[in-house]
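Residue numbering begins at 1 within each chain, and the chains themselves are lettered A, B, C and D in the order written.
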Amino acid sequence: MIEKTATIPQGSSLWKDARSRMAKNKFAMGGFGVIVVMFSLCFIFAWFCTNPNLVNLTNKFAPPSKEHWFGTDALGRDLFARILYGGQVSILVGLIATSVSVVIGIVYGAVSGFAGGRTDAIMMRIVDTLLAIPFLVLVIVLQATLSDWSGDATRWIVVNLNWDKEFTGRLTNIVPLFFALGLLGWLTLSRIVRAQVMSIKEREFVEAAVALGYSKWRILFRHIIPNVLGPTVVYSTLTVPGFIMYEAILSFLGLGVESPNSSWGVLIKEGANFLETEVQLLLLPGLFFSLTLFSLNFLGDGLRDALDVKAAKD
Amino acid sequence: MSLLKIKNLKTYFHTRGGTNRAVDDISFSIDKGEIVGVVGESGSGKSVTCHTMLGLLPQPPAKVEGGTVTFDGEELLDLSQPLLRAIRGKRISMIFQDPMSCLNPYLRILDQITEPILIHENVSRATAEARAIEMMTKVGIRDAEARARSYPHEFSGGMRQRVMIAMALVTKPDLLLADEPTTALDVTVQARILKILRDLKDDLGVAVLFVTHDLGVVAELADRVVVMYRGKIVEQGNTQDLFKNPSHPYVKGLLACRPTLETQYRILPTVEDFLQTKIEEDGSYTLSDHPNAEDRLAKLTSEVNSDKEEKATLTSLLQVSALQVHFHSGGGFLSSPHKTVKAVDGIDLQITRGRTLGLVGESGCGKTTLGRAILRLQETKSGSILYDKNELTKLSQPEMLPFRKRMQIIFQDPYASLNPRQTIEQALTEPMLVHKIGINQSERRDRIVSLLEEVGLGAEFLLRYPHEFSGGQRQRISVARALAVEPEFIVCDECVSAMDVSVQAQVLNLLRQLQQRRNLTYLFISHDLSVVKFMSDDMIVMKNGKVMEHGNADTIYKNPQSEYTLELLDAIPSSSLLG
Amino acid sequence: MVFFSLLIISCGETSSVDDASRDGILIMGNSGEPKGLDPHIVSGVLESNVIRSLFEGLVEAHPSKDGIAVPGVAEKWYPVNPKRPDEWVFELRKNAKWSDGEALTADDFLFSFRRLLTPALASDYSFMLYYIKDAEFYHKSQRSYLLFRSDSNFTEEWWDSLKKVDFGPNEKAEEGSFNFIGLDKLNLTELEKLLDKPSLFKWPSDLSTKIRRSLILKNLTFEKTNRGNLKVNELKDLWELIDFGATAPDKHTLKVKLNSPIPFLPEITKHYTWYPVPKHVVLQHGNVGERFTKWTKPENLVGNGAFVLQSWRFNDHIEVSRNPNYWDKENVGINGIRFLPIGNLYTEDRMYFDGQMHVTYTIASELIEYSRQKYPEHVRSELYLGTYFIRTNVSNEPFTDPRVRLAFSYALNQKSLIDNVLKGGQKPASGLVPPFGNYPASDVVTFDPELARKLLADAGYPGGKGLPDIEFLTTDKESSKVTAEALQAMWKEHLGATIKIKQMEWTSYITAMFDKDYDMAAGGWIGDYMDPLTFLDMWMKGVGNNRTGWHNEEFEKILGMAAQTGEATKRYELLAEAESLFLKERPILPVYWYTRNYLLHPDVKGWNPLLLDNHPYKFLRLEPGSKNRKD
Amino acid sequence: MPRFLIDRLLQGVLVLFALYTITFFLAKAMPGEPFTSEKNISAETKANIRKLYGLDKPIWEQYLAYPKNIITEGSFGISTSKGRPVIDIITQSFPNSLILGLCALGFAIGIGVPIGILSAVRKNSWIDWVCMTVAMVGICIPSFTIGPLLQIYVAAHIPGLKVAGWGNLEDILLPSFTLGLVSAAYLARLTRGGILEVLSQDFVRTARAKGVSPIQVILKHTLRGGLLPAVAYLGPAFAALISGSFIVETIFQVPGMGQHFVNAATTRDEFLLLGLSLFFGFLIVVMNLLADLLTGLLDPRVRHTGGTN
């Protein structure tokens, strides 16, 4: 609408510009701040907390005190420590599962949309098929096949690489979870990416790339995909809560965190049963969970806006 | 008394990047039944003026900093939103540049044309529809009754603009604001639209504020002209006087840099040849005549014939024969399957190495398709493309790869054809990487720097993104990118059509210089006969996928053989004033 | 379809307890949707809750006393020889009728027994009739045995060599060989093939060729004779070969001959597998061994209980109303019962608090204390005939050593678990068999961390050193998880053992237990009838419910002795001896004896604590106006 | 029938067959079998019951038998856990799920779209902020939390509103709200984005130049285009809504279809599982098709190309 006269802003690149725009976005920066705080709480401060798995049956449902900032849970364990340790799992699940599904979703959707025609129809029908697969069945099968795997893997790693046993156990336990989540989490995303790609591939710079003799893959990965990242980022921040909650359900089915370790999803799911009696068991983990997701969402929105070249033209 | 009187209007945009004085203290007026042309290049503030009047600017970032707009005794800028709405579309209507994007794609034509009536007048829907159809007929839409129920995408560009005009005039307004209404249209269509506007002005007595960057259109249509530059009015007056005796250097430059059919220069003069801009530290500036304007012009004139000598080697580089490209549409649901459009229907052409073949025709004639087909960006149906004795139609895409290095294309919209998320360096390095030009990064970087210098840009731009450049600069980057693979043949597909005349002149000059320096061969595609004539040695006139006329550019201009060429020549507005 | 459902929905019903009390309708939470209402096919508690209202057995449960039978279809019952109660007589009442008005006779019982035992019906609970003479042979289609038994030419010695051979299904055998199916399961064509080529069958090596051939021939002749309309790939029914223990000397007398003396037989007949089904209705909709017939459809179902099926809306409710043809209809206290299949414990409790039902199936453990505080007079906590225990896999290290098992048992603070985690008033299990009647309950299982540590050290794991990681298998329920976490902490604290909790979805959990793919597994057992045996006989070798890999010859010998004892006190003594032997070995770690915790509305009268929770509905009364929740 | 429809329906059949194949082998790969129960069932009984259900046959025979029975007899088998025909279970529970899903959709659209519009119109204002926060809350709060909250804090205090149960019209209210909440939140975000996109287009300026009031600009000129992303989302989302939700159904005691998906899996009820997945697959195929047709209806430009895929 309004074009600027031909004066050129001095020495700013897209990323630099994006960063400075981000810096001016209060919500995005607030979100970023909260996430940084959450990270440091869960991954650094947690090490200085009391043992989150220390059961004390005589001190259950204790009110907040000096020793137990958030009080204790049904087994007398320190709720604050459990929330922080649970955050480790949930944040990792949120980040890794989302990344896995974003990577698969983008590549699959982009290939489908870019190829078009019959390939596209086949690929999208595959998505339809996968959408209809009963998720629970898949999880049960995975649980059965992968739980042995994780035990074997732990043994192998401990024996051959000499890693810490508990750490390895937690790791190998959670890998099948990512597998399960990543396997189906990308479906909707791929449809979104595909729609974006379909419109972007009509843009002239793609034709210019063909004219310059670029290969299809180069065009896809260097020219089309970078241009669909913005909306994808926003959508994927919306999928994070879903993943974290799925983790809770899967953990109960034996695919995920192993008791007595916990995660936000598991804490919330268990806490929901104490609604009549001990509401804080739901509210406190729920607060951490929501706060992180809100922040992530603001950050995602901010990132999209900052990366949006069209908006940057104003 | 004037119908509309603008006095000391100031509209600024306040953005993070600073304040842009889009409209900076302008005054002019329009009388009843008068056509006033407002001329200026992009960014001159002419559209902002129109939008300010009707309160259509997004606020923020826009803000009216001062001045008055008096319409028929009322102060528009002070009106409340409901009162202003009562004027919008009823007493002051507006038509916009791009009729496709300005019509609602989701609503039927009839609904859109009747909407202003239904909003502003207390009439029944049937009456409104009758009036709408009447107005559609008046603006030259045949079968108005039947076509009123179609959607915008089912109309051609010219027809859509007629719809816009019908929509604007259906409430019989006193003032019509026409914001570049013909810019996106072909010359013949433009001629028809201008005629309609003139007729309507006479019929309905409506005053028109006609905003355009095209001097020719204004010269043909307007009673008075206002020339704007950088938010200010640099000159205004009676059309005849202004064109005959421009006083401001900017106007002089503008008039001179526009290639016409009569232009004899090999290199066009540019606005900078006439105008000197002195920018003060506080951002304000003063404009004055360029001290050396006379000399510069004289130099250009002297060059007229200097390099017009025939090229020594006359080997044919490209030979296209009986080329056909068909599009299949339909086959979807609710429409009959497989409608075939013969976009290119048996074209023969030949291009000599080192020369330029001009290809002119109106939108939809198949010229762009032809250009893309030659580069194998478009599948052909039949015919042959012989490039340097190689038959391109038989090659697979991987086999085309070596030819991609030799044949390049420059598109109309440089912004769209540059990946918005690549820096200039990445955009220029990538083709070199793909075609294995340059041994290492530093060598490629050196090449890019010299390329940029060649197209008139500096190395300081390397790390920037396309959105940080102006249109002319972007097109220079496109040119540089095309040159990065060191091609010998370039298809210029409407590559200056979207530009202001002053920028257009610069780019045309650049192409010219590059051709001489690198012995390039061009296929120059445009809808603008004057530009094609200026650029080309030979030219082809195309219509409906077929060649209408073919021959030496000068000859065709001087002695057009086909009726269609004649029609095109006639449609070019007001050549008499701009000679 | 939508319109139809909207119609259903809009013709609403009142479901507040007050209205229901006034109407004499009891609203009961029933935890889930029954698989069906055919007493011979279903096997669960929730099905039994509905079936007990629609059918009535020979004897009925007493409304307030455990282990006492009151008359049902039978007016009188007695063992023929009180010293050796292996034959019983049931005298049926003459006015017993089906709900469609047809007379109910001893023949209906005989038909029902045969139906339950028919292999093709594939009933889960057929074994409840195995006490009856020859019932098991028929149900297991032990053709070879029955053929030889009825043949006087063969001597006992010859038979002895045969007896050890298992002709039943043997899935582990190679495919392609007949042993995959088992000799008894071979049809006519297969037997003919086998006669030509006996090597097709994987024979036990100690069977001579002669016996082998004679076996095949006997089976073949039996299958050949008088085939009637049987197809060649169908097996002939063995009913004519057996000497079935149940007989009907006349229309109103049922005589049951048992394999061994069973003094508590009337207790067993309270189980719904012993209920009669209407022969005339069942045969109207299909033949005796047909499973998927329409006779249990609401419009067809005929029973003999105090109530008849009124409506059954799938997954929504089942409603029963008074049976006008019930022999004791004058004494039925309520007009009907509505069973709600509420699977979500919390929802059930909230519905109760909202005044939507009279009695819940259970209380969520998180809500027990809350309920006790807010509705003290509504909460019921009653002992239930069941034990929660933890199986150990005795073929896996470290549980191969009984001392380790005992150590884990002594390190278990049962009381703390009950008081702090479960909160349902469960009893610490001092033994395997819950206390009831005259049975002397064991008291050897206690919490003794000192002893536990010592035992573990004796076994070679002082302070838990050297113990491998132990996998504790449990289910995907929240309550199992919290229990497991508490136990994990106890074993860590007292023994220094590292326990890994492995949660699994239900069927996977059961399957893993069956496959002995675990180290320790949470589990439990609910008694089928009022006798210690229901907790003890499952630990014998090869019994499907054992799953620990533990077995003991001495233990089995004592149980065998008890089986042959007709005298009640002596029998209990033997069973107690078996139990204490079992606890000395402790392949399972008893944790607590179940209680049933539920909410009961004060309007409901005549609802007394019963160990089996099989409240006879006909004795209930509803007195509206008792204190109500929404006040 | 138009070619496009025939084409898509054929593709749908292929989807269903692929789905059947995957589900069949997944079901077989689950540990345990339909007749696994806590109390052991004798091997004889198991063999008999397997025979009864045709599970004793070789796996390939079983694989082919199921589709054959569907085509020749219209039978989807008998549920091993419920002892009744699969088709009965679906026809008895689907109408309830459909009603619940439709009402949930009503909530989702009724709440999500207005919030999205409001938020777009007042972009970057506090209203926008509040709306989007509410939407984010909707996405964050899982239904197993919101359901009980509604039971305790709403249903228990409003006379006439039951905590759970399915019999009267008002019983639909809470479960459908719970079910629709997440969709409402997504819709709000999608609508906001879509409307903002359309609002930035030139024809909106044309409308304003015509003197169209701001409300009419939104309702008449922006909404159709702005709803397109929401419609694309609604296709599969609607299929998921009307096929029921285990959590909502168990919390509110709704006799819907969602619980059967879970129960069929946990009881290894493969016939029910196959029937349900095929039915759900069918819903997805149909809903995606409908969403595409609706896109064509909203956007006249798409009609000629026959919709997106």
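Here, contacts are C-beta pairs under 8 Å (C-beta built on N, C-alpha and C of every residue); 3 or more make two chains touch, one makes a residue touch a chain.
Bear in mind the structure is a predicted one, so any value in this text is a computation, not a measurement.
Novice: Given the contact rule stated at the top, which pair of chains has the most C-beta pairs in contact?
Specialist: Summing C-beta contacts for every pairing gives the maximum at C-D.
Novice: Computing the C-alpha centre of each chain, which chain sits at the greatest distance from chain C?
Specialist: B
Novice: If you average the Cα atoms of each chain, whose average lands nearest the overall Cα average?
Specialist: Chain nearest the overall C-alpha centroid, as shown: D.
Novice: How many angstrom between the C-alpha centroids of chain C and chain A?
Specialist: Distance between chain centres: 47 Å.
Novice: Roughly how far is chain C from chain D, centre to centre by C-alpha average, rounded to an integer in Å?
Specialist: Chain centres of chain C and chain D, defined by C-alpha means, are spaced 39 Å apart.
Novice: Among the residues of chain B, which are close enough to touch at least two other chains?
Specialist: Counting only residues that touch two or more other chains, chain B contributes none.
Novice: Considering chain C alone, which of its residues make contact with at least two other chains?
Specialist: Each of 346, 505, 508 in chain C touches at least two other chains.
Novice: If you look at chain D, which of its residues touch at least two other chains?
Specialist: Within chain D, the residues that touch at least two other chains are 30-31, 148, 152, 265-266.
Novice: Spell out all pairs of chains that touch, sorted by label.
Specialist: A-B, A-C, A-D, B-D, C-D
Novice: Within their complex, state which residues of chain C touch chain A.
Specialist: Answer in residue numbers: 346, 364, 366-367, 369-370, 416-417, 420-421, 476, 478, 481-482, 484-486, 488-490, 493, 500-505, 508.
Novice: Sort out for me which residues of chain B touch chain A in the complex.
Specialist: Per the touch definition, chain B meets chain A at residues 13, 15-17, 20, 22, 42-43, 47-48, 58, 61-62, 230, 372, 375, 377, 400-401, 404-405, 408-409, 411-413, 416-423, 430-431, 434-435, 460-461, 463-470, 472-473, 478, 481, 485.
Novice: Can you tell me which positions in chain C touch chain D when the two form their complex?
Specialist: Residue positions touching the partner: 1-2, 4-6, 9-10, 12-13, 15, 33, 35-36, 41, 43, 119-124, 126-127, 139-141, 168-169, 171, 185, 291-292, 313-316, 340, 342-344, 346-347, 350-351, 353-354, 356, 505-508, 510-512, 514, 543-545, 630.
Novice: For the complex, which residues does chain D have touching chain A?
Specialist: Within the complex, chain D contacts chain A at residues 11, 14-15, 18-19, 22-23, 26-27, 29-31, 129, 133, 136-137, 139-142, 144-145, 148-149, 152, 186, 189, 232, 236, 261-262, 264-266, 273, 276-277, 280-281, 284-285, 288, 308-309.
Novice: In the complex of these two chains, what residues of chain A are touching chain D?
Specialist: 27, 120-121, 124-126, 128-129, 131-134, 136-138, 140-141, 144-145, 188, 191, 195, 198, 238, 241, 245, 268-269, 272, 275-276, 282, 286, 289-290, 293-294, 297
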